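One structure coming up, written as C-alpha cells, with questions to follow.
The chains carry the letters A, B, C and D, assigned in the order they are written, with residues numbered from 1 in each.
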Amino acid sequence: MMKPFQLAARENKKEDTIIQVTGPGSSVKIGEGYCTIIAGPCAVENRDDYIELAQFLAHSGAHLLRGGLFKPRTSPYSFRGLGKEGLDILKEARSATGLPVITEVMDVRDLDYLVGEVDILQVGSRNMQNYALLDQLGQINTPILLKRGLAATIEEWLLAAEYILARGNGQVILCERGIRTFEPYTRNTVDIGAVALVKNLSHLPVLVDPSHATGKWDMVIPVAKAAIAAGADGVMVEVHQNPDYALSDGKQSLTPDNFRKMLKQVTDIAKLEGKIMNTEEKM
Amino acid sequence: MMKPFQLAARENKKEDTIIQVTGPGSSVKIGEGYCTIIAGPCAVENRDDYIELAQFLAHSGAHLLRGGLFKPRTSPYSFRGLGKEGLDILKEARSATGLPVITEVMDVRDLDYLVGEVDILQVGSRNMQNYALLDQLGQINTPILLKRGLAATIEEWLLAAEYILARGNGQVILCERGIRTFEPYTRNTVDIGAVALVKNLSHLPVLVDPSHATGKWDMVIPVAKAAIAAGADGVMVEVHQNPDYALSDGKQSLTPDNFRKMLKQVTDIAKLEGKIMNTEEKM
Amino acid sequence: MMKPFQLAARENKKEDTIIQVTGPGSSVKIGEGYCTIIAGPCAVENRDDYIELAQFLAHSGAHLLRGGLFKPRTSPYSFRGLGKEGLDILKEARSATGLPVITEVMDVRDLDYLVGEVDILQVGSRNMQNYALLDQLGQINTPILLKRGLAATIEEWLLAAEYILARGNGQVILCERGIRTFEPYTRNTVDIGAVALVKNLSHLPVLVDPSHATGKWDMVIPVAKAAIAAGADGVMVEVHQNPDYALSDGKQSLTPDNFRKMLKQVTDIAKLEGKIMNTEEKM
Amino acid sequence: MMKPFQLAARENKKEDTIIQVTGPGSSVKIGEGYCTIIAGPCAVENRDDYIELAQFLAHSGAHLLRGGLFKPRTSPYSFRGLGKEGLDILKEARSATGLPVITEVMDVRDLDYLVGEVDILQVGSRNMQNYALLDQLGQINTPILLKRGLAATIEEWLLAAEYILARGNGQVILCERGIRTFEPYTRNTVDIGAVALVKNLSHLPVLVDPSHATGKWDMVIPVAKAAIAAGADGVMVEVHQNPDYALSDGKQSLTPDNFRKMLKQVTDIAKLEGKIMNTEEKM
C-alpha cells in the first residue's frame, strides 16, 4: 500500500539520513548507528545557572545543549521563557562549551534572528501541525527536531515531517515525547513501539524525550534505556541543578548526578547495540 | 478549588457573555438564550459555487456563513484552500447575502488583511495551543471562535481562551468539535458532556461542530440536535452542493436538502429549550 | 463491506427489535418509537430505603426499577453490594410497585437463582467481554442489557451482543455508558455519536446511562436530553434519597426532585421526537 | 498519600516478591533479579505441532511454555481454542520438555480441572476486572499472571491484583500487554513507563507481552529488549512454526528463528542489567 508520506518513507530513500550538526568545538552525527545525548534545562532561566550547567553537561559527555527561550505553557500566567533576551546566554554557552545548541521556535516571526544562531530548531508538540511554521522551516537550511504531537498518529507525525521535506529541508529529526492516554499516573505515555516502527517506516533519525514523556524524574533513566534498546538514535533529557526550584518542569528534571548515571547506563546499552557515542568518534 | 483559568471562569463573571456579530444585512447574538446556525462548505473552492450556496443558506435561515480560505491539511499534498485569493469571494458572499462571515486563520501574518474584513476569526483544533497566534488574537477587536484541540482537556481549552481574554479580547466563542479516542468508526468522538460542563464552568458561548466531530453526514443531524438539547448555543455545519465532489471533507457535508431538514429539527429543540433563533429576533 | 457482526446487523433484520418486559403491574416496550426510563439507586443498600425510593419512582413515572445486588468495584475494600440477600428486597419492590426490575449479574453461578426473578439482567462494562458469561446469557430467555465496555469499540460492543444472539437469546438491549478518554473532568466521555451510529448499524434498542457516563449529577439532565435527541430509546439513571450518604456513586445520583425535573424534560424531547413514553400507552 | 492498594504496595512489603514455579524438569524464579522467558503459540491448535514447538522452545532456552486452551475472541465466530480437550496436550508438553506451563482461565467453572495441572494461571486483559474470577483465584495456591486490562489505569491494575492478594494468594505476576490508544498502526501501545513505575510502586514481578502489545512480529524484538532495559522481569512472546497459518494471532508470532534471535538479544540486555537468566542458575 502506498504510504501517504513520500519523501519521509524508507521506500523512497533506502539509506538512513544522518544529520551532521557542528558546534564551535565539536561535531555530532544524528541518525542510525550513532547515539546522541541532548541535555539541558527545560528553559534558560538566567545566565549564571545556564552557563554553569552547560559546562557541567559538556564535561560529563552531553553532545548537544538544549535551552528553551520560548516556552509553550498551557496557562498564560506561567513563566513563558526569557524570549529573545535569552539568546545571548545560549550563544555564550555554545562558545564556552563548544557544543552545538537546540532551541524551540513557536512563531515564524522569530526565525529572523534565530536562524544562523542555533544549530537545531525544535518544533514542539503543540505546533506539530502548525503548518505556517512547518512551511517556513522547510525553506531554511537548519536541522529541525520535530516532536510528535500529543495525540498525533504516527502517520500524522510523518506527514508533518513531509511538510518540511517537501519544501526542501531534508534535515528532519523525529522526537517521540509521549502521547496522551487515559493513564493519570504519568504525564504522557511513551510510545516505545513507535520508535521501532518509525525506524522501519522512515529513514529519518528518531530520538526520545523521556523527561516530557513521563513527567517524573525517576522514570527518565529506565525509559531512556528502553528507548535505546528499542532502536532510538538518542535521547533528549532535562537536567537542572535544583529541580525543586525550576521555573518549569522541575519534577521531570534529572539532577547533575542522575544525568551522569543515565549517561553511563545509556552508553552501555548503546554499545551493546553497536551504536557509536558521538563523543567516541571525536577522539 | 481555584480554577487555573480566571477571566474565563463563571465565578469571576456571573452574567453570560453574549457576542453580537453584525453583517451588512443582519445581526446575530451568540450566547446563552440564543441559537446560532453557522453553515457553509469546508473550503471556498470557487466563486460561483460559493455564492450560489451562500444564497441558498441565507435564504434557508442560516445566520452566519463559514468559508475556509486556509485549510490545515494533514498532508502537504492535499488541497490547502484558495488562500488570500479567496477573500474576495467571501466578501462578495457577505455583501450578496447580508450575513456575517467566519473564516479560519492559521498564520499571524495573515491577520494584516483579514482583520476588518471578516466578522469572526476561527482558530482550528491544530492551533488551539499556537500561543503566538492566540497572543495576537487577544490584541484585536474581532470575535474569535476557538475550537477545542483534538486531544485538549476542558481545562486546556479554557486556558487557551484565557490567552485571548488575558490580552484584552473578551469575545471568545468556544466550539466543541470532537476529541480523539480509540473509536475508529467515527472521525472523532463528540464530547457532549463537555458542552454541559463548559456552560457551567464558563460564561463564554459554546457551539458544536457535528460535521468535523463525526466525519459522517448522516450523523450530523442527530448530533446537532443532541448539542442543542445539551445546552449548546448553536451549531456550525458543513454544507456542500455536491458532497461527492468536495475538495475536502465531502463525507461529512450535508446536502442543501439535509441542511433544511437539520435546521427544522434543531429549531424545534431550540424552541423547546426556550432559545431564540437569531432569525426570529430580526423580524 | 460485510460487517463482522451478523445477527446484530440491520442488514440482516430490517425491522427494529422491540423488547417487551412485563412486571406484575405494568408492561414496558423497549426499542424504536418508545422511550423507556429506568431508575433506581446504584446499589440496594437496605430494605426500607429501597422500597421507599421504588415507590417514589413508580409514582413519578419511571418504567423500570434498577437495583444492584452485586457491585463490581475497582477496589476489593469498597462496598460490594448485598449480594443474594438483596434479592428479596428487589422482589418486594417489584411487587409493591408493579414495575419490572433490572439487576446486574457478574458470575455465571448466580444465574441459578436470578433467572425467573428479575425482568432484565444487566452485563456491566467490566464484563462486556466476559465470554463465559455471555455464552450463558445467550441460553436463557431473559432480556439482557449489555453495557458498552469502557474502552470497547462500537464493533466490539456489537460483537459482544452477537455472542448472546448467536446462542439463541435475541433480546439484547445495548447501553452506552461513556468511554474512557484522556479527559479528567468527567468520569467518562459519553459517546453520543455512537448512539446515532448504532441505531443505524443495528436493529437492537439503545439506551444511555448518563449517570455512570458523566459521574456528576448536574450533567445527568443535559446528557439525558441529548441522548433522546440523538435517537436513544431511553435512559437509565441513578437516583438516591440522600446522594451524600450513598454507599456507592453518590456524586452521580439525582435527588428525587431532580429525577422529576429530568423526567419532565426528557418527556418533552421524546414527544418532539415522536416517541411514546411507556406510561402513556399503559393508560 | 495512602495508596488505594495495600498488599500490593511496596510500602507494605519492602522485599521483592519472587515467585518460584517448578516444572517436572526445571524450576523458574520470577521477580527482581531474574529474567524469565515465556514462549509458545497463542493457542494450542493440535498435538503434533504443539509438542514439536514445545521441544524446540525448551531446547532453545525458553523457561516456561504458554499454550492457550480457551481463547477470548472478539467475535463468537472465531476459533475459540480446543478447550478442556487441549489440556492433555499441554500436560504432555510439560512432561516431554520438563518445563512448567501457563494457560489462561476465563471461567470459574474451569478451575475444577485446571488447578493442579498447570503451573501458572493467566487472567487475560478482558477479565482483569472479572471479580468473580479474581475472588476465586485468590483462594487457590497457583501463581496468577494478571494481564493489564486494555484500558486499565495502573491503579486499577494493582487493585485487581489486590483482589487476589486480599483473598490469600500472594503469588501474583503482573503483565503489561499494551493499552488502547488512538494509534491505528499498532494493535496496542506498550506502556513502557508503566513497567518502571510498577516496579517502584509494587513488590510484585512485572513481565511484558510484546506480541499482543504490538500485534506485529517485527516489533516484538525491539519491544522485548526495551522491556528488559526498562526493568521488566521477563517477557512472554508468541511463537509459531508457520505464523501465516496460525488459527489466531499469526501476525504477531515470531518464527522459531526469530525467537532464537530475540532470546540472544534479550539475554545480552538482561546480563547488562545484572539479571540472572533462569537457565543459568539451573546449571
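We take it that a residue touches a chain if its C-beta (ideal position, glycine included) is under 8 Å from a C-beta of that chain, and two chains touch if they have at least 3 such contacts.
Just so it is clear, the structure is predicted and the values come from calculations on it, not from any experiment.
> Between 0 and 180 degrees, and as a multiple of 5, what angle does the rotation take that fits chain C onto chain D by Cα atoms?
So the angle, rounded to a multiple of 5, is 180 degrees.
> Can you tell me which chain lies farthest from chain A, using the average of the Cα atoms as each chain's centre?
Centre of mass proxy via C-alpha means gives C as farthest from chain A.
> How big is the gap, in whole Å, between where the Cα atoms of chain B centre and where those of chain C centre?
35
> In whole angstrom, what separates the CA-based centres of chain A and chain C?
Here chain A and chain C have centroids separated by 49 Å.
> What positions in chain C touch 2 or more of the other chains?
Those would be 151, 155, 180-182, 184.
> Show which residues of chain A lie in contact with chain B when the two form their complex.
4-6, 72-77, 80, 106-109, 126-127, 129-132, 150-151, 155-156, 159, 162-163, 166, 180
> Under the definition above, what is the set of chain C residues touching chain B in their complex?
So the residues of chain C touching chain B come out as 151, 153-155, 178-179, 181-186, 189-197, 200, 213-214, 216, 218-219, 222-223, 225-231, 268-269, 272.
> Which of the residues in chain A come into contact with chain C in the complex?
151, 180-182, 184
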